[in-house]
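Before anything else, here's the structure in question.
Chain lettering (A, B and C) follows the sequence in which the chains are written, and residue indices restart at 1 in each chain.
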């Protein structure tokens, strides 16, 4: 077990270093923010002074070393745009992102798993075809289009839900629905196909042959194993949800990190981009570690420390 | 001569069986047929509907579709915010959107195949390096990666394909590597190696043909994702530059007129949905027919 | 069943996170303003972004209040006199205080002025105030402000760009903290800033001027256009900014809100006059002859835009009334191109930023017009940073940019055309001289003539293709009375409930 943990730790370290280098290179290659920090009538001299003051005239590797030296001590610097510590900005936005990602994920799973199970059990029925077709439909809509449609329907036409912003549970409904729908579709399809495969396996046949009730066969034997791939994909998707929701966050004015980081890229806010990318990567790695632990729980046959 | 026939005949038989297997699934048939129609339409429409998608008529902006009050037959699906014919833009856009989808997937698949094959077949140090890089790309949020690269390269059709393709190679490489690892242990590969067949021959003769089906399935399903993602990038102002029409751009540009002129977004929206639906149906059918074990993709 | 209980706990935790306390109910004393973006900071001295300054102006106050005709009225300054061409003597209102009770006096004014030029602050307004030399404290409530040369728009510049800030408080908390929790001298004091969500302010009861009608003021941000307009129509917000022309009729038709004019956005087609083919004035004129401004105005702006004849907006002080806009004449354009040695027309690039609403459709329309006049254009959409990066590298050929049409010409004509300012691809020593003269001419009538001349020279020399001014509007809920101002700032002290 210890060996496994050490391996995970090493994995985390090189992933973080790799990511910080890649994002550092890209964001710096895409130009510096000095022109954006000054108004349109600043003179060339003012621009040069600020560039010198911020150290953008140094070679790239020197700038990276400077960044890394501070980052190791937990100092990610101040945002060039907001002019406050970047970690403060991220910590303020992260709860909103987690809230949205978690809710979408829960909505998706709560609906998708039953739909998938029913479709698998009643394979080939009208119900199966109908729900799988609906799922495909859910996968075929661009997020922002769905989001705007929801606002027009539920806020402007019906007046049931607030258009945007964060605060009450009502604010959370539309954005998490807009995000959750495609996830739901994906998980429903996944559940169905995984379960179909498991139901054709020998041990299920044995269980059935023993005369166990079909319900028990499915819930106790089949679904338990089906959860492993579902959990894997959920783990991957959760990381994606945290950073990949900029479109939904824009449409619904949701104060999450997705919008923060994309704006930071547009503003060439180097320290902020670096820090967010790293935080997201840490969360991604952590969630996947958690998923690995879940495997152990779901399938005691997996023993990581016996690997190799 | 006989050698060639010996080589080809079983493959032909396999192909035949596969096709028959696919044809037995109605969803795959429907999806495939729809996709063929879409592709044929996008290739052949100028013969039937040769309207310039770029010609503007500012005074005729927001003409509704022909069946609505104020619509004209000259613009069957109406005009957009600059008075351009929506049907013409939709048809021309289909070429770009499909091109982006398929070309990006082809690029990603190519990179994925090469790296996955090397990684899986040779193993050892090189495998380790490739997989570590894959881990890094995996943990790098896909969207941020594409946006950052486009910020450096600038927007153009070519760059968009390049970026979407290169950002997406990991999934392919991992899938291929997995297949190769299991194939490597198979008897026919070991036998071949034992009689001294060169690596390259083993890879191209024995391994590659056997990883084609997971690749095909994965690729089909990814095309749909890429097309959706292209519209997302257009939303952020980083899609294919105008005046070129793509479905994603039409959708993203039209969204600010959503309450005044529904046809600006509805038709490209439907086009995207139908295309993706058909691709997914086909992909599902292929998966069921070829390899029911591949469910995670 | 263990798994199920696990899932339940998971769900419960998530819901607990998801449901915060009840929202504060909207009451009649609260005004909610929604903009396109949230402020980047609240220190008025540290940002030049409109959406940020809009929020900060409610917290801060300046020496004077700017008026629509580019004159000023008393604010923190109670009265003033011009001692000579280079010096103003200013009396400060007695008894006015900052929100923490700190007195507003001559020391505070001097401290504020010096802070603008403190390099650590990186004050973006520094350039606009660079005509000033120093502030001297005469007595606790009197200062003199002096300039190096006569500076006609001086008081007007101070009215916008010199917020008076509390020396004691800033020295205590530091500049970074001040940007997050400022103590100003304005009509509203900051209660709370929930980043990403809202800025909450409350009326400052000891404000020296007229009390604002609303007790509570909340600024929010909704970036997506259609969502923002939806918020106005559903009554979630009282005032919104950023309404594209085509959405305006819908707001008026809704009968739930009305529109009030504010500043105008003046887009222009910048031309790189340093390099061929645009180093030839005939080619630049050809560009001006190939844009159908009337049609664009009619089609895209419903005829509401104001066509520009020269670089000075017709609404700005000093615009030359004798100039007529360039007509749309593609034939003339081709002739000019031919005369300049381009019988087959030219092929050029046109860059524009993707971050401004409706700029893309204007660019596409303009590109299609230019083609008719023999100028074939490749469109280059760039995000903000790239647009500037390429500008700096002198990589643009044609580019669309914009400026607001402020009442005071010095504010933008100087920035855009003086060779000492940022280099906008055009240099003309005659213009430099006239701009310096315009800033130094104290007599209003004579000053107007100087700017008339500038306008005429630039009209003929075509460093830009002149386009139009698009009047911007705010959307205001029917229950609120608010009149937008030409500077576009959202000074909510002027809003009141409609009787």
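As a working rule, a contact is a pair of C-beta atoms (placed from the backbone, for glycine too) under 8 Å apart; a residue touches a chain by one contact, two chains touch by 3 or more.
Keep in mind that what you see is a predicted model, and the values were worked out from it rather than measured.
In terms of the distance between Cα centroids, chain C is separated most widely from B.
Of all chains displayed, A has the C-alpha centre closest to the centre of the whole protein C-alpha set.
Of the two chain pairs examined here, A-B and B-C, it is A-B that is joined by more C-beta pairs in contact. The distance from the centre of chain A to the centre of chain C, each centre being the mean of the chain's C-alpha atoms, comes to 37 Å. Between the CA-based centres of chain A and chain B the separation comes to 23 Å, rounded to the whole angstrom. Between chain B and chain C the centroid-to-centroid distance comes to 44 Å (mean Cα coordinates, whole Å). Shown for chain C are the residues that touch two or more other chains, namely 226, 355, 383, 385-386.
Residue numbers of chain B whose C-beta contacts span two or more other chains: 151, 255, 258-259.
Multi-chain contact residues of chain A (touching two or more other chains) are listed as 30, 148, 152, 250, 266.
The residues of chain B lying in touch with chain C in their complex are 54-56, 58-59, 61, 81-83, 151, 154-155, 237-238, 241-243, 253, 255-260.
Considering their complex, residues 132-133, 135-136, 138-145, 147-149, 151-152, 224, 228, 231-232, 235-236, 248, 251-252, 255, 258-259, 265, 269, 272-273, 276-277, 280-281, 284, 287, 292-293, 295-296 of chain B touch chain A. Of all residues in chain A, those touching chain C in their complex are 30-33, 35-44, 46-47, 49-50, 53, 78, 81-84, 89, 92-93, 95-96, 98-99, 102-103, 106, 110, 148, 151-152, 155-156, 159, 162-169, 172, 224, 227, 250-253, 255-256, 259-260, 266-268, 298.
Contact residues on chain A toward chain B in their complex (touch as defined above): 11, 14-15, 18-19, 22-23, 26-27, 29-30, 136-137, 139-145, 148, 152, 189-190, 193-194, 196-197, 229, 232-233, 239-240, 242-244, 246-247, 250, 261-262, 265-266, 273, 277, 280-281, 284-285. Within the complex formed with chain A, the residues of chain C that make contact are 3, 10-11, 14, 17-20, 22-23, 40-41, 46, 48, 119, 122, 124-128, 176, 179-180, 195-198, 220-224, 226-227, 230-231, 233-234, 236, 355, 383-386, 388-389, 391-392, 403, 411-412, 414-416, 420-423.
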